[in-house]
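To keep things simple, chains are lettered A, B, C and D as they appear, and every chain counts its residues starting from 1.
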Amino acid sequence: MSEHSDRFFWPVRIYYEDTDSGGVVYYANYLKYMERARTEWLRSLGFEQDELIAKEGILFAVRSVQLDYHLPAQFNDHLHVGVEIVESGHVSVTFDQRIYRDDERRPLLCTGQVRIACLDAVTFRPKRFPEALLPNA
Amino acid sequence: MSEHSDRFFWPVRIYYEDTDSGGVVYYANYLKYMERARTEWLRSLGFEQDELIAKEGILFAVRSVQLDYHLPAQFNDHLHVGVEIVESGHVSVTFDQRIYRDDERRPLLCTGQVRIACLDAVTFRPKRFPEALLPNA
Amino acid sequence: MSEHSDRFFWPVRIYYEDTDSGGVVYYANYLKYMERARTEWLRSLGFEQDELIAKEGILFAVRSVQLDYHLPAQFNDHLHVGVEIVESGHVSVTFDQRIYRDDERRPLLCTGQVRIACLDAVTFRPKRFPEALLPNA
Amino acid sequence: MSEHSDRFFWPVRIYYEDTDSGGVVYYANYLKYMERARTEWLRSLGFEQDELIAKEGILFAVRSVQLDYHLPAQFNDHLHVGVEIVESGHVSVTFDQRIYRDDERRPLLCTGQVRIACLDAVTFRPKRFPEALLPNA
């Protein structure tokens, strides 16, 4: 079994909009790439977030993030953004997300731990995650 | 009467978030600065947009923009963003917006013509602007 | 010959990062999607902008934009962003860009005219566009 | 001695550009507000980052961030973004940053721990922080 067996990857191309005058990707933007990858991972499982709100009455909210920056991405880079659930409770899950540049193994640019809560779309109170989203459900 | 007599100005400081790897402000961001200045001009007249939606049932939507880029802004620049209504109808107004760097006269970095519609906040149909917002009301 | 014969299209997916609290895509962001499409059109012709700077000593700068907003895009929409040169001189070209939602014909959300200058990457003075980029070269 | 004795605060107004279709501030944007506050804190001490690069040959790079989201900010909110150094070594410092809404004490919206490295602007190797930036220097 490879280390990557459970990991979903989503490609992200870097445009000028992503960079800053330091010549590299602006560090807050990695949070956007991680979210794009989580959104596409959800879609790959058959979940659309606008339908989850409208039909299931649930939405997801980011509770905390921990980001470590290892190497900067630059204009025109083609990134591989990984998604994997590393911890799951009834009302929140934690994703381990890794961003690589050349392929899905190296070099490692940025790692993130993102904790997401599942909320009732009307009351904003914690609600159980749909079972199908959780590992080994 | 000076050319600037009717013009409201709002200061904008440039941070790394505003720049791109070309070393200057990313050109789409000037639209944000123009909107900050329109928002503060409204506030200076006593209008808060969240209250306009909640109490008056109206909101503003950008219908078109024309931007001309003359000189680029850079990290740490302190800009002066001007707001002036140049044309007003019942359901839309056009702003002339000029962005200067060192003071409110020069150098001129960017000019914009921004047409805004007033909409009913529920039906999204055109609605009359509040009289107090229009010149010579 | 169809109207679309010369038009290059690039897909853009809308994420939360793209929207604002009005519930639709923030209007300045359409400039980003138009640039992504121009960048990918250049790439499809064999041009990478970082190589153009490093090897040819040229870069592109946006001189003016005219945007008209017809219908708003929303979260999860999958857009089709068109690129076509409508006017070309020695040192600047104008792109006509149209953004559609469901397919490459309708509905039309936003149209843009974007004028780009070709500059010497060192002196920032106007420079001739590479011939291969121009129509009927 | 008050808890706030060493803390610098910078005000941030929320505009549409800051929000997302969930109706609140997009969570990646808090990193921008924290950086604006660090930049203004540096400026209050007499340091301009463009001059630090040009004259001292040093720049600052974000190495890691830990963010916890407590309550969301909304359109038109006026935030107070705090800056305080909580740990400092020779080549990196950690900031504790707290974002409040109504005043500089409550409600608490977001907390961040941001670790910044000082780098040589040419070689990008670690370099000592200017003494004047460190507490009890």
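Descriptive notes on the structure:
The rule is short, and it goes like this: a residue touches a chain if its C-beta (ideal position, glycine included) is under 8 Å from a C-beta of that chain, and two chains touch if they have at least 3 such contacts.
Keep in mind the model is a prediction, meaning the values are calculated, not measured.
Counting every residue number used by either copy at the chain C-chain D contact, over half are found in both chains.
Chain pairs A-D and B-D differ in how many C-beta pairs they share in contact, with the greater number at A-D. Rounded to a whole number, the gap between the C-alpha centres of chain A and chain D is 24 angstrom. The distance from the centre of chain C to the centre of chain D, each centre being the mean of the chain's C-alpha atoms, comes to 35 Å.
With centres taken as mean Cα positions, chain D sits 28 Å from chain B.
Residues of chain A in contact with two or more other chains: 16-17, 22, 28, 32, 74-75.
If each chain is drawn as a node and touching chains are joined, the picture has every node linked to every other.
Of all the residues in chain A, the ones that touch chain C in their complex are 13, 15-17, 32, 35-36, 39, 48-50, 74-76.
On the side of chain A, the complex with chain B involves touching residues 16-17, 19-24, 26, 28, 74-75. On chain A, the positions that touch chain D within their shared complex are 22, 27-29, 31-32, 59, 61-69.
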